[in-house]
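The following pair of complexes shares a single chain, subunit A, combined with subunit B in the former and subunit C in the latter.
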Partner chain A sequence: MNTTALLALDALLVFSLLSLAVAALATHDARRSVILFMAFGLVLAVAWGRLMAPDVALAEAAIGAGLSGALLLAAVHEQPRRALSGDSRPGHNRAHSSFKVALEWAVTLLCVAVAGVLAWALAAAFDRTPKDVLAQAVSDNLAASGVSNPVTAVLLNFRAYDTLLELAVLLTAVLGIMAMGPERRGYRAAGPVFDGLVGWLVPVLILMAGYLLWVGAHAPGGAFQAGATLAAAGVVLRLAGQRSAGLPPWRLLHLTVAAGVVMFLAVGLSLLALGRPFLGYPPAWAGALILLIETAAMLAIAATLVLAFLGGRPAESHLNFSKEKRQC
Partner chain B sequence: MLTAHWLYGMSGCLIVALGLRTALLHAVLLQRLIGINVMGAGVFLMLIAVAYRGPGVAPDPVPHALVLTGIVVAVSATALALALGRRLSAEQDDE
Partner chain C sequence: MIDALSSLFIVAGLGFYLAGSIGLLRLPDLYSRLHALTKADNLGLGLLTAGLALHAQELLIALKLILIWLAVLAASAASAHLIAQHVRRRETSS
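So, the complex of A and B:
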């Protein structure tokens, strides 16, 4: 593609991103704000594709736009009306209006200053000719990593510690969510059209998750994208009135949520016992070990995201009778 | 031609500022969260712009892995914040 066409595409994408961000943040209607934010996420996914970051584009489309949007919309749906309209306390505004205007200006100036500092730092980073020390190290060692997708190699091999800790962050978040209280109210059973859609959408999503997991070794994909796709299947089931939302039985739930961290630690400690460094895979085994960890991580991420959508601890009875048909 | 990373990186800075302003000023938790998420998206734009090496050239995979991690952490933090907010409003309703 010639450079002028590329520049036109860039200008269009950046313009759309900025206007969608402004629109999503400026509106006082929460529902509109969430939907504009989802549109922002989708345009962002296109921008990642343009900047040659297909792994990030997949994750953004599935998580940034899809699941975040579903989470936020469910929260909008639940919030009482008065909380949505913002300043509803009468008499509160007028007394402090001049103070409020001053505060708004001060915060706006602070934000302009933040943007200025960031732009200055970024310009300094761009001005230095890229040395690419890390990128070079990745491409030099890619052959020994067990996978040929450099992003997967960084996530699961070179910087496996980071991913282990990230899964621990996810586990902490989901335990926090479950400690906060019971899940939000369920949805009514779906009508025949949505039911028909669920019938083929859920198997396709599960198949796609498996494909993304497998293909992540040598092409864009991996545990995060696969986990998000699997979670989407759970969210669809929940929206159709299936109370278990595809989660495993109660006694397996905690194990599933912790599966990523558990598998990571099991592999790391076994390697340590065999006299290798923690998470220092032997090159011959690296591919298989990465797939093993990614499979566990995918299940944990999917369960975490479904629980995040439920917004709390699911009722034990919903999970133990998952064979039970939807209430009609 | 290296204008693309400037364009995306600088708009990333602007988007961070826009999100920060909403996160600090808005009265409603939900829109503050959207502000924080938009701010995160701006940071991701800066990182991916730094990784970009021009059309047809393989980009630096390390920032890509960072952003991938960031997206997943952002959604779990958002979910935790929503759960906290829900509990908070339930407590207030009880009073």
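So, the complex of A and C:
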């Protein structure tokens, strides 16, 4: 393809990103804002694709646009009155509204300042390290990493510590969600059309999660994308009126949520016991160990995201498959 | 030959997209807008995937493209139905 056409595509992407961002921020209707944000996420995923970063594009589409959108929509659904009362009576309280405007400006200026500092730091970092050094180091050691996808090699091998800590952050988030109280109200049972869609969409999503997990070793994919896809299956089930949202029974749920961190620590500590550094996989075993950790991480990520969608502690009685079957 | 056919499919698909977008902007009520959007876009995407599949290097890629089209068909049909049902319920209840 010639460069002018690509340049035009890039310009179009940048233009739609900026206008979607402005539109999402400018609208006073929270629901509209969320939907625009989801469209923004999808265009952003295309932009990542154009930047030759398919891993980020997949994550952005699945988590940034899809699941965050579902979470935000659920939050808007929960608080329709509060979101509307802000602008339905403008000037209702002058002092209050001028304070609000001042606060908005303060937040905006703070954001601009933070963005400026970050941009400055990024520019400084790019100046200091020639950007090929890290990529070169990764590709030099790729053969010993157990996988052939450099992104997975970095996430699960070279910088496995970071991923372990990320999973620990997710586990902490689960504790926060559990502390929020009981789950949100469920949805009413779906009609025949949506039920029909769910009937084949959920198996396809589960299959796709397995594919993304497996393919992560040598192509874009991996635990996070697979977990988000699996969580999407749970969200779809929940929307169709299944109270359990595909979550396992209570006892198993505890294990599932902690599975990523537990598996990481188990592998790391066993390696320590065998006299290797923590998470320093022997090259011959690296591929299998990474797959093991990623499988556990996928389940933990999916359960965490579904719990976030439920917005609280699920009722124990809803997590029982056989009971639910009987009710249907 | 294949190039010409593929271009024809793609241009025709874009035509459907254009028609669907104009319909979305111009048609008077939600039901007809949904109708314009989902019908025209499904056909447009079908033609687009057909045009791209002709260019695919391997059969597997062509099959994946068709799979994407089928998934979008099902999703857009179901979501159009859900949106229409939601609006209908709200109209009849108020």
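Everything that follows uses one rule, which is that the second predicted complex is superposed on the first by the 273 of 328 C-alpha atoms of A that agree within 3 Å, B and C clash if a C-alpha of one lies under 4 Å from a C-alpha of the other, contacts with A are read in each partner's own complex, and residues count from 1 in each chain.
Definition applied: a contact is a pair of C-beta atoms (placed from the backbone, for glycine too) under 8 Å apart; a residue touches a chain by one contact, two chains touch by 3 or more.
Note that the structure is a prediction, hence the values are computed from the model and not measured.
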Next on the checklist: Tell me the contact category for A:155 with respect to subunit B and subunit C: first, second, both or neither.
Outcome noted: first
Checklist entry - Given the touch rule stated above, what does A:274 touch, subunit B (first), subunit C (second), both, or neither? => result neither
Checklist entry - In the superposed arrangement, does subunit B or subunit C reach more residues of subunit A? => result B
Checklist entry - Now for A:301: first (subunit B), second (subunit C), both, or neither, which partner does it touch? => result first
Next on the checklist: Looking at A:194, would you say it contacts subunit B, subunit C, both, or neither? Reply first, second, both or neither.
Outcome noted: second
Item to check | First (subunit B), second (subunit C), both or neither touched by A:177 | outcome: first
Next on the checklist: List the residues on subunit A that touch subunit C in their complex, please.
Outcome noted: 191, 193-194, 196-197, 200-201, 204
Checklist outcome for this item: So, in the complex, the side of subunit A touching subunit B is made of residues 1, 3, 6-7, 10-11, 14, 17-18, 21-22, 24-25, 30, 33-34, 37, 40-41, 44, 47-48, 50-53, 55-56, 59-60, 63-64, 67-68, 71-72, 75-76, 78-80, 83-84, 86-87, 103-104, 107-108, 110-112, 114-115, 118-119, 122, 125-126, 130, 132, 134-135, 138-139, 150-151, 153-155, 159, 162-163, 166, 169-170, 173-174, 176-177, 180-181, 184, 222, 224, 301, 304-305, 308-309, 311-312
Checklist entry - Mind pulling up the subunit C residues that touch subunit A in the complex? => result 71, 74-75, 77-78, 81-82, 85
Item to check | List of subunit B residues in touch with subunit A within their complex | outcome: 1-22, 24-31, 33-35, 37-38, 41, 44-46, 48-53, 55, 58-62, 64-65, 67-69, 71-80, 82-87, 89-90
